[in-house]
Amino acid sequence: MSPDQAAEVGSGVVTGGWTYVTAAYCVCWTVLVGYVASLWWRHPRGEA
Amino acid sequence: MRGLRLVLAVVRKELLLEWRDPSRLTGLLVFSAALTLLLAFAMPGVHVLPDVAAGAIWLGLVLASTRSLDQSFRTEVENGALEGLVLWPVPSLVIFHGKALANAIVLLLVAVPLTALVFVLYHPRMHGSVVDLGVVLTLGCMALAAPGTLVAAIATQARGSSALLPVLFFPLVVPVVLAATRATTLVLEGDPMDQVGAWVKLLLVFDLAHWTLDGLLFSRIVDEG
Amino acid sequence: MSGLRAHELSRRFGNRWVLVRVDLEVPAGEGLLLLGPNGSGKTTLLRCLATALKPHHGTATFEGTDLWAARHALRDRIALLSHATRLYEDLSAAQNLSCWAAMGDYRPDVPALLHRVGLDGTGSKPVRAFSAGMRRRLALALALVKQPRLVLFDEPFSALDPQGREVVGGVLDELRGQGATLVLSTHHASLGARFCTRAVRLEAGRIAWTGPAAEARDVVADA
Amino acid sequence: MDLPPLEALPLTPGKAVAVLAILVIALLNVRAGRRPWYLARWEDAFGLVGLCLLLDGQYMGLVDAPRERMMGEVGRILYVHVPSAWLTMVAFTLTCLFAIGFLVTGWRSLDLLVESAAEVGVALGIVLQLTGMLFARPTWGVYWDWDPRLVSTAVMLLSFIGVLTLRSLLTDPDQRANLTSAGAILATTSMIVTYFSVRWWRSLHQMQSSPDTVASPMVLVLRINAFAMLFLFTWLLVRRWRLARALAARDEAPPLPSAEVPA
């Protein structure tokens, strides 16, 4: 363990957690894309 | 003066309806009593019951209020009485305040025996005075009644109103449940830090805001042709 | 003094026009017979005139004031009687009357009113136990609480036995005697013609025929 | 406002893609006699700019931005979480303002905007709530905490979902408009009161982050993401409003017919 890392552990820095980051960005995209799709889906077709 | 007299006339009519059909009130009482019993069994053990007594009272009241609000508007739409009231020379604000006041009284009529029952079943400590408890119960019931009356008026105009009512009502009264439960707990368990005033103040502000604002919204939605 | 006037009164529900450019004129103290098949817009017209519905086009005035704009003041003098009886099922007849009166700041003679519609002696029975005819009579008494100047009556003679019709007829005569303006919607032209001078026939929300009430019978018979 | 030095704006692949995309779009737009499908309406420009900014902002958030001093990599969630929080607030504030405006003026467009803003707000609010929970798990150790902002956001979301439910259950347009607006105003007030009451009850959440409390390299990334969300929000709102208008036009009443009785 490098001195740098040791200092981080002692100071309570959160390490790792890329899973959560990926999940958060995915959630953002899923909801946005899903919502846009629903807008498109609900649009009345046939006229104009 | 005339306004107050009319409000009291609406309240009298509501209470007379409750009086002529006692099954409505007894139904509410049995409902909340059964809920109190069920809640005790849903707890991890008998030892926590004194701590959750206040919560049991307010949970019972909120759930009972959805029933009583639903009932109070069902009698109005049954023979078109609500439209009749709008066409009667009585301001919509008066209808709102009368109905809300009557709903608050009905809730208090449920609250008193319910509190007694919780005392019997849950054995909470009682450090504060009965007057304090009464003030908290009154303010809390009024804080449930005013937004409840408005929301019930909104819900009755939609399909499936009794299912819609809690959907609109519960998020609205989160602060009431929180403040009333805190205040009740502090009254029951003693208040060494003197915090009960803050919660009562919150209830008071909530009451004031809803008893003034909701009447305006109510008149807007019932008298629009 | 001008009574009830409507100019191009129109109302829609959703995207359907149920009342189209209806022009009416009822002189004060006179009666108008409103005829027409089911769904022709009679009830909607009455509800517009009673300020229960806001017209989407056109205007209606009573004694010179716009009905919708001055609705809060005018509701004191307008009575709408329809299949919605406005009654509280769990209250007795007298309680219904006294509660409604108190809510409008009226002080009527409740026993006299009940006697007027032939309901004395119904005691403390809740309205729930009443027959349809009794409810109609009680609703009539409820309208009389207001001492209305404009009476809008939807199907006055439905659900009534001959005796009940007698009562309703008596009350209508009395109201006309007091100078009230009447609008009666009915299928039975012959029964209504007694109280009205003019008649109007609605079809698809429009006025299809207008003429003296005495001739109205034939129109219905032809249809 | 202090602009960051030029070195703080490195040409990242994300930005390169974004700039190229904008250039291509602009060129196509200028050249085309008729408008391309992705620029059919004026709001689509907002959508495209928003999309580019979002791609760039998220790339910067994931790659360029330094690790947060206390939260490490997890701090990168903030670049999604904070902008969505801002825009959710904007959406629901607009909903409330539109609702008040509708009750005062009675304009139909405002009613359609109430519906649109509420729905877009709910969509963004879901992003906010979920990313917030994903942020809470590694930093606080739990997905949920009884913090005023968490609770009031959840209450607000539930309220507006309730309002949209109410709206879907009503058929008469005039009645629907009135009740939706009343419900939206109630939902907004309930959110405000909930916030303060829960804050009294218990407070654990850090104070609101503002550019003063956040390290400067983060500010730029945060800003880009916030503008991305703002542009996308505008696009979504206008799009949703067009949808509402199209649906309303479908069952709009025909003009008042003549007084002649149809044969």
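So that you can tell them apart, the chains are marked A, B, C and D in the order they are listed, and the count of residues begins at 1 in each.
In this section, contacts are C-beta pairs under 8 Å (C-beta built on N, C-alpha and C of every residue); 3 or more make two chains touch, one makes a residue touch a chain.
The structure displayed is predicted, hence computed values, not measured ones.
Visitor: Across the interfaces B-C and C-D, which one involves more C-beta pairs in contact?
Guide: Pair with the higher count of C-beta contacts: B-C.
Visitor: Taking each chain's centre as the mean position of its Cα atoms, how many Å separate chain B from chain C?
Guide: Each chain reduced to its C-alpha mean, chain B and chain C end up 38 Å apart.
Visitor: Using CA atom averages as chain centres, what separation in Å is found between chain C and chain D?
Guide: Going by mean C-alpha positions, chain C sits 52 Å from chain D.
Visitor: Suppose each chain is reduced to the average of its Cα coordinates; what separation in Å results between chain B and chain D?
Guide: 35
Visitor: Listing for chain B: what residues touch at least two other chains?
Guide: Residues 224 of chain B touch two or more partner chains.
Visitor: Residues touching two or more other chains, restricted to chain C: which are they?
Guide: Nothing qualifies.
Visitor: Name the touching chain pairs, would you?
Guide: By the stated definition, chains touch in these pairs: A-D, B-C, B-D, C-D.
Visitor: Which bits of chain D are touching chain A when the two form their complex?
Guide: 58, 62, 69-74, 76-77, 80-81, 84, 120, 123, 126-127, 130-131, 134-135, 137-139, 232, 236, 239-240, 243, 246-247, 250
Visitor: List the residues on chain C that touch chain D in their complex, please.
Guide: Against chain D, the touching part of chain C is residues 8, 10, 12-17, 20-23, 56-57, 203-204, 206-208.
Visitor: Where on chain B does chain D make contact in their complex?
Guide: 147, 150-151, 154-155, 157-160, 164, 167-168, 170-172, 174-175, 178-179, 182, 198-199, 202, 205-206, 209, 213-214, 217, 220-221, 224
Visitor: Which of the residues in chain B end up touching chain C in this complex?
Guide: 2, 5-6, 9-10, 12-13, 16-17, 20-21, 75, 78-81, 83-91, 98, 224-225
Visitor: For the complex, give me every residue of chain A touching chain D.
Guide: So the residues of chain A touching chain D come out as 8, 11-18, 20-21, 23-25, 27-28, 31-32, 35-36, 39, 42-44, 47.
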